[in-house]
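We just call them A, B, C, D and E in the order they show up, numbering each chain from 1.
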Amino acid sequence: MSAAADPQGAGLRAWLRSPSPASTWQARAQRAYLGWVAFRANPIAMAGLLIVVALVLAAIFAPLLTGSRGLDPDLPNRLLPPSAEHWLGTDQLGRDIYDRLIWGSRVTLYIVGLVSIIVAPIGLAVGTLAGYAGGWVDTVLMRIVDIFLAFPRLILALAFVAALGPGLENAVLAIALTTWSPYARIARAEVLTIRKADYIVAAEAQGASTWRILRKHVVPLCLASVIVRLTLDMAGIILTAAGLGFLGLGAQPPLPEWGAMISTGRDFLYDQWWVPTAPGAAIFLVSLGFCLLGDGLRDVLDPRSGEA
Amino acid sequence: MIEVENLTVEFGRGAATVRAVRGVSFTVAQGESYGLVGESGSGKSTVLRAIARINPEFGGTIRVNGTPLTSKRSRDEARRMQMVFQDPYGALHPRHTVDAILREPLEIHRVGDKDRRIKAALSDVGLGPEFRFRYPHQISGGQRQRIAVARALILEPEILLLDEPTSALDVSVQAEVLNLLKRLQRERGLTYLMVSHNLAVVAHICERVAVMNRGRVVEELTASTLRGGEPAEAYTRQLVSATEGYDREAVRGYVTYE
Amino acid sequence: APPADTFVMAKDVSDIITLDPAEVFEFSGGEIIAQIYDRLMWFEPEDMATLVCGVCETYTVSEDGKSITFTMREGMTFESGNPVTAEDVVYSLRRVVKLNKTPSFIITQFGWTPENVDELVRVEDGAAVITITEDFSPALVLNALSAGVASIVDMKTVEEHATDGDMGYAWLKNHSAGSGPFKLQTWKANELVSMTANEDFRSGAPGVKRVIVRHVAEPGAQRLLIEKGDIDVARDLTPDMVAALESNDDVTVQTDAKAAVIYMAFNQSDEILSNPKVAEAIRYLVDYRGMADTFLKGQFKVHQAAWPEGMWAAYNETPYALDIEKAKALLAEAGYPDGFEIHMDTLNQSPYPEIAQALQGTLAQAGIKVEISTAEGKTLWPMYRARKHQLILAQWSPDYTDPHSNLDAFAHNPDNSPEAKLTGVLAWRNAWMDEDMNAMVVAARNETDTAKREALYHDIQAKLMHEGPYAILFQQTEQAVMRAEVEGFVSGPTFDLIYYRTVSK
Amino acid sequence: MTEARLLEVEDLRVTFRTPHGPVEAVRGVSFSLGRERLGIVGESGSGKSQTGRALLRLSARNGRVSAKKMVFDGIDLTNASERTMRRIRGARISMIMQDPRYSLNPVVKVGDQIAEAYRIHTGASARKARDRAMEMLETVRIREAGKVYDLYPHQVSGGMGQRVMIAMMLIPEPDVLIADEPTSALDVTVQMQVLALLDDMVRERGMGLVLISHDLNLVASFCDRVMVMYGGRVMEVLEAGRLHEAQHPYTRGLLNCLPSLEHPQHMLPVLTRDAGWLEEAR
Amino acid sequence: MTDTNSAAATGKLPAAPRALRATASALVSLALTFIGLTAITFVIGRVMPADPVLAVVGDRASEEAYQRVFLEMGLDRPIWEQYLTYLGQILTGDFGTSIMTTRPVTEDILRFFPATLELATLATLIGCVIGIPLGVWAAVNQGRWIDHCARVLGLAGYSAPVFWLGMLGLLIFYGNLGWVAGPGRIDIYYDGLVEDPTGVILFDAAWHGEWEIFWNAFSHLILPAGVLGLYALAYIARMTRSFMLDQLGQEYVLAARIKGASEFSVIWRHAFRNVLVQLITIIGLTYASLLEGSVLTETVFAWPGIGQYITTSLFNADMNAVLGGTVVVGICFVGINMLSDLLYRFADPRART
């Protein structure tokens, strides 16, 4: 490899592989590096990462990658098949589908990001608290979690959207409200296995407060499995958003949300196949990307799977 | 320093009650090291955990420095009394560096001058500064146990409760840790209460030893009686004989205490 | 494929919530009861412009135009075998008034109330006699008596199934007791409606023995079903699907004008929208032709008056076309040279979001930034009825075939105060009241001379087109795609003027 | 008695592929085994267990085993087919693992696990296997064998579990038994009883026993010969009785760092390792 | 997963009271879940902008007609009072009448639920029958291309929008190839030809020996079930693989190999039996989530299932129907979880005592 020939590269590598790191920083960098090495060796995970990175790049560079924002109707040019001018053809209002897909990546990232920052904290907070505190706190919290689990998911989301009014933010919020419960369960299960661990007992013996133990000891340990689960669930989240879009409750027109694009394009599947197929394929690809990434992350982060 | 009187600990309720400790009494003087030996399940750890208030409910009285312990643990107590656990792999948080592990007690008790203390604690247990930013999985079992000891000592307690501190370690590493404990006791005049099922290890560290069986102390004796003289109890004798290696004839004579 | 004597239709019938003619006010429900029940007045499939007698033999209007006497046809029977008599006619009308469900206003506007109806609607010498107390044109009254509420139910059967004096209300929701060409076999909500032929129908036995209306919500699924020949007619195909199917020899496309109009309404309690220049500008910012020739092709045609083309007294002028410059000038005059931001609400099913987006595109060219919200009807209507909208894009279809039906709703607002809550009236919903207009609508309603009446309605429509709080955009045309062997499917302008009995295959 | 060589191993190597490069766990180990008790001692990570597993060709997936010679009863284990190996495993060479808590299938009754081992190699009927398993449980001194047969692994104590494990591995009457720290999870007294049991097997059946342990005292008092391992290599092989006279600094170091009841010391001598040992052992 | 804590705490009681207490605590948990479910749905129903009164009277209704129905429906009373009345009603087994279908909700559910049951059951079966072996196979060949293929295939099933797959499936297998029947549960002219006491057409048709109808219904069912099954399959295969990897790394597997057990026996007799224990919960959850009714699949396939019923009811502000549907789905969920807990206890000796 060329990096070996490059003295600086070699120096950096040595620094990263050094058996005795000199600072917290180096230790962190090393962990990240070794994780990365393991990750890199996993072609499937790399494929996932590639897709996700491509999504992020598309979102960032959308203005450079497209000729229009894909919002303005151009009725004379509607339903054109894919061509050199319109790579993925045009939709029922004559908008360039490729442009819409690229701009839509921002919406998708927005959904993914917003759901993650809502779901993970709620799930973690409820789950770790229930698991660590035990007793009636656990019972009460878990009953609530059970209720949310027992609720038909899409229905609950629909109800929330219906209550909050349609729109992307509300759709995301609704999805988040319906998705957190399994995370609480995961976090709780994880806490139950570590609650009796000596290092927690040791921290208690040092006089640490419950709050401190949760924050410093318990949450960091659950975080990995929650993050892994989150990436794995990302596909589901995108698809639920798409489902809400499909039912007309997600993004409002003319926002190029992929699910809504399939939804409005679905009537064209039989004659102008490209209209729903392009966003369908995009959702498929991105979900697949997140799934693969999650799987790869699990192999790297989760010592229980894989042998290395 | 530590006075335990008629200590009882029960787990569970109703018909399911396990009486883990049934009326144990002993005292440990300041600067002394006291050992608890016995078979698995005899209640050794439970005694220790009751004193450390990890199982807060117990019967009888425990006095430390003359003050009886209540079931609510106070923060000051942590500064006076610390515990070292059996399993060096489980006692350190896997995601914290050595630095973070040693810093935590200082933060909890708002002790200043943290960096100096951490460096000093590391050198006290014979580890170089290069260990400071490592994660537990990057160091060996013996070194981990040293970190655990360093953490216990960083608040400068008077009493150290040791629950089988070497049983998970290799013989060569065990020697290192035992030496460390001995040195620290000499230098700081610490009081030790140590649990082990290895008689040789206990005799090596402790001056006095209590032999436990099924939740009771069956015999209390000094290290020298244990070595040279004849222990009074058959149970103790059997333990001693087993420590000495395999002896076909002796094994035939073993009694199971159940 | 379905058997030769069974006619299978795919349609989105999720809107059916009752099949009681006194209560039905939904499109699909209206279509179904038109097959099950005969009515007092009626349009025959051969000539859907001429109002003729249904269960009556003849009718006579009294001198003062306040009473009408209906003599009954002989020999007609209900599905139970009971004869159809004047008693049944009177019972049916009284029942509508007494149950007082939503569509009852169609006949209660004549001045009937639960208290006086027994007196005003009665049997005299074996004939049914009705008397009105308001000054309504008899033509209007007769027209209204061709609506679903004038369906004749079998008094004996219905009373047999009555509980707690509810006049059979609970039972009739999903049962039939009529004398129409078909009788109801089952209605499974969101699944199907199935009917069997009434061989004794007064105009002869229907062409098929059984009709099944299958609920298929997805146009795509309908498309596959019709292509495979698993159904005989698909009712909800999109224009693009229809265009694609045109080359298919196995199917034929039948296009019929419908009376529904799509309109945009401007809430007059909104400061910007209450400016007539703004409204006028918006009317010039609609690409009527562009839409009608592309994604609405075959399903909607340009129509700008409140009463649809093809109906009596229709007004077919289309003065507006997309004219950005003119609109900009108007906006400048109105004080909005750079446009403004505005919110548009509409339904979430095709084609409303598409139309809204096209409007958004053209309005933007004059600087008007439109933000679109789409919603289910059940969510949209409460907001509309509470006057909480700004711009709204919606549809209206007449309740009966008289222009009064639409113009009363679009133009007549007797009390514009919020407390009046005339929530069924479009003019009130948009907080629009014009005294002249009110007077014109009442005058037209009461006019007995047909030619004069027609002229009055033309005036109303012309005035409404320019001054009303609306931009009326399109009139619906329906494209039914059917298997080549299906013949005789007749679909008239209103949602209940659809005839299954003429179908054969 | 030590004349009949059951097992001969020459230059056994086990290498693992890891993300950090190859790890040589065993580097050229040679020994032979007769109908005797051979102890393998060494500090943790010295390659004791991997040597044992390599004999059964059951190294982890990322491991590679090579040897100049690895012959069992005339069968070349390096080249034997997977089929042959399956016939050898259990029936002729067996292995007891360290921790019964993890080595017994948690959802299968312990008795059935023993019976299975018997049926695999004899094709006996279920009834017959059950009877044999019951007998075997009695042989390993379990009272109330009938009751224990129907217990699940989590219902038996550590000592009992270890005996079940032993019964399972002994039921096909193997010629060689590798016991990998069979007693380190047990109380000292139970530990002795288990060893006594193994002792009986060697004496009564003429089985070859490899006892892996890091307890030098134990090995010295129990085995016939002791092999000392360090860093994947054999440092020396000694008569067990003369272990305490060992000269190799590594062996001495291991011996010295044990605290002893008889000889109290103030400080324990700590083992100092010497990279040169590995060179010498070549 | 229902909470097993309470059961664990009472772990050492004698058998009979323990079973009793477990049942009691299960019942209490069921009741609490039930109350929570109805309460949330109830609140949602009241804060929704969709107006239940309009659902009855239509959007052109006069204010007077509106008010009359508003009062009839009791909407003027405080919400807690309405809720309590409703609870009282349900306890007598009366879920009220659906606005949309004009029938008692109970009757509706008895009609729509079997359709979903049929679909979910077949889908889960497909998921298990293909997914489990696929997952095991992938785990056994971990890291090889077979594993990669199986994983990507599984993930693909997980990633594709279900309605998109459904439409594509319809186009290909019904539209082009004609292998299966189109949307709907059964060809329309068979409708009502057999008595359907259970509502599960396959079962009823087989019961009456109406094989023509059976096959017709089956050919309608197989495509939607296949699409849902693909999703179940993907999830089950993936979990199986990961559990299997866990188990294959366990010491007891090594012990089995040391005994000389064949590869087949090591995989299926030893490792898989432990995997099965974990899979029970997963399969239970999958089944429960499918029983919620996949609104999207049901829409695409014009399948009159419970998911569609609840959704359309929701859009129509038909709260009685929504509440009834949610309660039934919730009870199913809790019930299946209890069942899988029970099975779990049966399959895992560690959980039994």
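Before moving on, here are some points about what is shown:
Rule of thumb we're sticking to: a contact is a pair of C-beta atoms (placed from the backbone, for glycine too) under 8 Å apart; a residue touches a chain by one contact, two chains touch by 3 or more.
Only a predicted model underlies this, so the values are computations on that prediction, with no experimental measurement involved.
Within the contact network of the assembly, the step distance from subunit C to subunit D comes to 2.
Looking at C-E and A-B, the interface holding more C-beta pairs in contact is that of C-E. Chain centres here are Cα means. That of subunit A falls 48 Å from that of subunit D. If you average the Cα atoms of subunit D and of subunit E, the two centres end up 51 Å apart.
If each chain is reduced to the centroid of its CA atoms, subunit B and subunit C end up 88 Å from each other. Within subunit C, residues 218, 220, 224, 375-376, 379 each touch two or more of the remaining chains. The multi-chain contact residues of subunit E, meaning those touching 2 or more other chains, are 48-50, 167, 171, 175, 315. Subunit E meets subunit D in the complex at residues 250-252, 254-262, 265, 269-270, 273-274, 277, 347-350, 353.
Those residues of subunit E lying in contact with subunit C across their complex are 48-51, 54-63, 65-66, 68, 98-103, 108, 111, 167, 170-171, 174-175, 178, 181-184, 187-189, 191-192, 299-302, 304, 308-309, 312, 315-317.
Touching subunit B in their complex are the following residues of subunit D: 43-44, 158, 187-189, 191-193, 195-196, 199, 214-218, 220-222, 253-254, 257-262, 264-271. Here subunit B touches subunit D in the complex through residues 39-40, 141, 170-176, 178-179, 182-183, 197-201, 203-204, 223, 226-227, 238-240, 242-248, 250-252, 254, 256, going by the rule given at the top.
Interface of subunit A with subunit E (complex): residues 43-44, 138-139, 142-144, 146-147, 149-155, 158-160, 162-163, 165, 185, 235-236, 239, 242-243, 246-247, 259, 262, 266, 269-270, 276, 280, 283-285, 287-288, 291-292, 295, 298, 304-307.
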